[in-house]
Amino acid sequence: MGSTGERETKRSDPCLVLKDLSIDFGGLRAVDGVNLTIEQGERRVLMGPNGAGKTTLFNLISGIYPPSRGRIFYFGKEISRYPTYRRAALGMARTYQVTNLFRCLTVAENILMACQALDRTKFVMFRTLSSCHGHMDRCNDVLKEFDLAEKRNELVKNLSHGDQRRIEVAMALTGKPRLLLLDEPAAGLSSSETQDLTVLLKKIDPAITIILIEHDMDVAFEFAERITILYQGQFLTEGTKEEIRNNATVQEIYLGAE
Amino acid sequence: MGDFLLVQTLNGLSFAALLFLLSSGLSLIYGVMKIVNIAHGSFFMVGTYVGLSVILKTNNFFLGALAGGLAVGVLGVIMERGFLRRFPLQPLPQMMITLGFALLFRDLSLLIWGGDPYILPCPEYLKGSVKIFHVVFPVYRIFVFCVATVVAVALWLFNEKTLVGAKLRAAVDDHEMAGGVGLNVPMISGCMFGLGAFLAGFGGVMGGPIFGVYPGLDFELLSLGFVVVIVGGRGSLLGSAVGSILVGLVDNFGKALIPELSYFTLFAPMALVVALKPTGLFGKE
Amino acid sequence: MKDRLTSTTKIIGLILAVLVLLVMPPFYTSYWVTLLTQMLIFAVLAMSLDILVGYTGLSSFGHAGFFGVAGYAVAILSTRYKMGFLFCFISGISLSVLISMIFGFLVAHATGVYFLIITLALGMVLWGLGFRWVTMTGGDNGISGIARPDIGLPIALTDPLTFYYVVLVFFLVALVMMAILVRSPFGHSLKGVRESESRMRVLGYHSWLHKYLAYVVSAAFAGFAGVFWAYFNGFISPFDMDLNASIEIVLMVILGGPGTLIGPALGAGIIIFLKNFISAYTQRWLLILGSIYILTILYAPQGLINFLKDWLKGRQNKACGKKSSDGKG
């Protein structure tokens, strides 16, 4: 799956390696010298109190901000300076903490936007989209898989928050990504909706690497294989569920700060 | 050769002076309120027409200049308070409304003053020429340049050194915060718009004896004003000043050297700036 | 049942259009035939701008520039070099495309209001060329004497009715092409860019490139209209491409309803009609246009077609007696 002419991804390459990654905003260093290694297929949860820099780190990984310092390696390839759309083409997908869908378009139109995103067909001007069976079929499959088929012609802005969160995840998975960045997917959901979401997340293809930012402790601990804690933009500690649960410093900053 | 350069530079600078009076208001309105005021050139034109009428009646040039500025300033405030405030923070509909008004002003001017071009009479004591290094140059043009410089300094002082200026800068940077801190942002916006309009109208009368007034002046100058804002950067007084000088000089030398492609010669600096620093030379993000 | 009212309206509209545009023209006076021809030409122009404004969300205030440039190409090639229709047609559109490809590098990274200002300035640059490059363009006198071309039909195109039907054919071709374009994958991506450029980039779209292409394609169709305008009017001048002209096209799109294609076409028809009709009674055309503009923004900011759609939706919900399940559109 690596691009032609460049270094092929080895089985052993970690999915994502961050080396001394930092970003400054004016005087503020929002992310400070973060080192992180995430293996292929891993389920990593990123935690930390508000302002720890988790979403900023996501923005760095997905290419929305260029780093002030440090490097990013994706399946062995350095992508530190790649623009966002190029990283998407390499199989990076992401959801947002605040729902970021195309609100004035229908559910189907949103999914279709994701269907054609990584294809050259997005430049085709002389055929209607409905005649592109590949995309239409993929869209129908995604809609069915995420239980959205009946709502396909509804405008996104008219749907419930829970439905919208589900569409966010659906869109991210439409392009069959290799790395999925989920930014607080359970934000604003009721407990039953959260349970449905957790079931959904656990069903995701184990070959896909997932990094999850989550505040909800239950979701985080249910889902994680390893947990990384950020604090004030810096890497604090990392470990398995048990290690983190028993870590005194983590308890203090988390429970104390919240 | 030296004489030619000198004359053209002086011409360019006096044109730059008028451009500054026009574009400082435009840039301010764009920078503060994020509104593209399509009627700004119309303010310039209507101000000149009003000034013309007043001068013809009273024989007093400065009364005319003041009247032109005030009349247009009032129009600006009415436009802002009555119509633009209906679409707070929506630049596109606001721009459309200024567009509609531009058309109205255009037609009303035609109705009131007719389609003939006019040159405004120059005040007696400013007529005549003066000698600068072998070159004869009209006094009035120098006067216009001085007036524009005074206005520029006054605006700068006002902006940087006074409390009102500080309030303004706060309103520019962050509407919501400014409102939250107790600043009357709508009133500030209204006054801003009125001030910008005043400058344009005043500038129009100033330019009247040199360039005159005619139907079509509104959009011609609007475009030049936008080129200045693009080159100089929006919301920046220094940008307006530098941009005006650049555009004034380029336009003038272009007209003198290659008259057929003169509008096109504006294209070069504009393209350069857009390519290298899209927010303009002194523009903020 | 839900969409019955809308589709009935659509069918009625279609039948009316076929009647008015296709069947009835031989019975009109030549004044109306000529007016209708002008409406069709400007409908293409308005639709071309809709691709940018309505579908990509970019307000261009220099669009008349591409219209005029193609017209001038036709004027110069046909009057001075006696070139035929096909050559002029291709040259006109090519010139618009070429210029838009150059300008595109300056505008495609811009959005919103900044895009507006740059396109305005660029449009005036083109106007300036038309106005001042007197040796090439005739300055503000323009170029006159553009004869209707001979395209091999038994009746000469100087006959208004024949010329009308030729323009109608080309109008339909342009309409179909643009209709497919906005429903194509590319058109779909434009809608996404309009809604949220940053989201599109994260999905994998090179948004700059899409905007650039939209700009060029809309310029091509503007040139298309410009070619026929030159032949129709027999005369081209800088006034066909100044800021006033660009503003009128924007008004056509806003009045009709951006993002609908049919709306702007209708808007063009209305404005052309009013312009010609009102000018017969009063000089105050601009006053009326400006007032219409302001009223539209104040009371029907989404344009006539969308206003109609919303009104129909309201009507059918009342008729069906159910509460609208999807709130306000």
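In order of appearance the chains are A, B and C, and numbering begins at 1 in each one.
Methods note: a residue touches a chain if its C-beta (ideal position, glycine included) is under 8 Å from a C-beta of that chain, and two chains touch if they have at least 3 such contacts.
Everything quoted here is computed from the prediction, not taken from an experiment.
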Core chain by centroid distance, with centroids computed from Cα atoms only: C
What is the chain whose Cα centre is as far as it gets from that of subunit C? A
Can you compute the centre-to-centre distance for subunit B and subunit C, using the mean CA position of each chain? Integer Å is fine. 32
What is the distance, in whole Å, between the centres of subunit A and subunit B, each centre taken as the mean of its C-alpha atoms? 49
Where the centres are mean C-alpha positions, what is the separation of subunit A from subunit C, in Å? 42
Contact footprint of subunit C on subunit A as seen in their complex: 62, 64, 83-85, 88-89, 94, 100-105, 109, 112-114, 116-118, 121-130, 132, 135, 154-155, 158, 171, 175
Can you list the residues on subunit C that touch subunit A in the complex? 177, 180-181, 183-189, 191-192, 195-196, 198-207, 210, 213, 217, 326-327, 329
Per the contact definition, I'd like the list of subunit B residues that touch subunit C in the complex. 30, 34, 36, 38, 83, 86, 91-93, 95-97, 99-104, 106-108, 110-111, 219, 222-223, 226-227, 229-230, 259-264, 266-267, 270-271, 274-275, 278
Complex contacts: residues of subunit C adjacent to subunit B: 59, 105-106, 109-110, 112-114, 116-118, 120-122, 124-125, 127-129, 131-136, 242-244, 247, 250-251, 254, 283-287, 289-291, 293-294, 297-298, 301
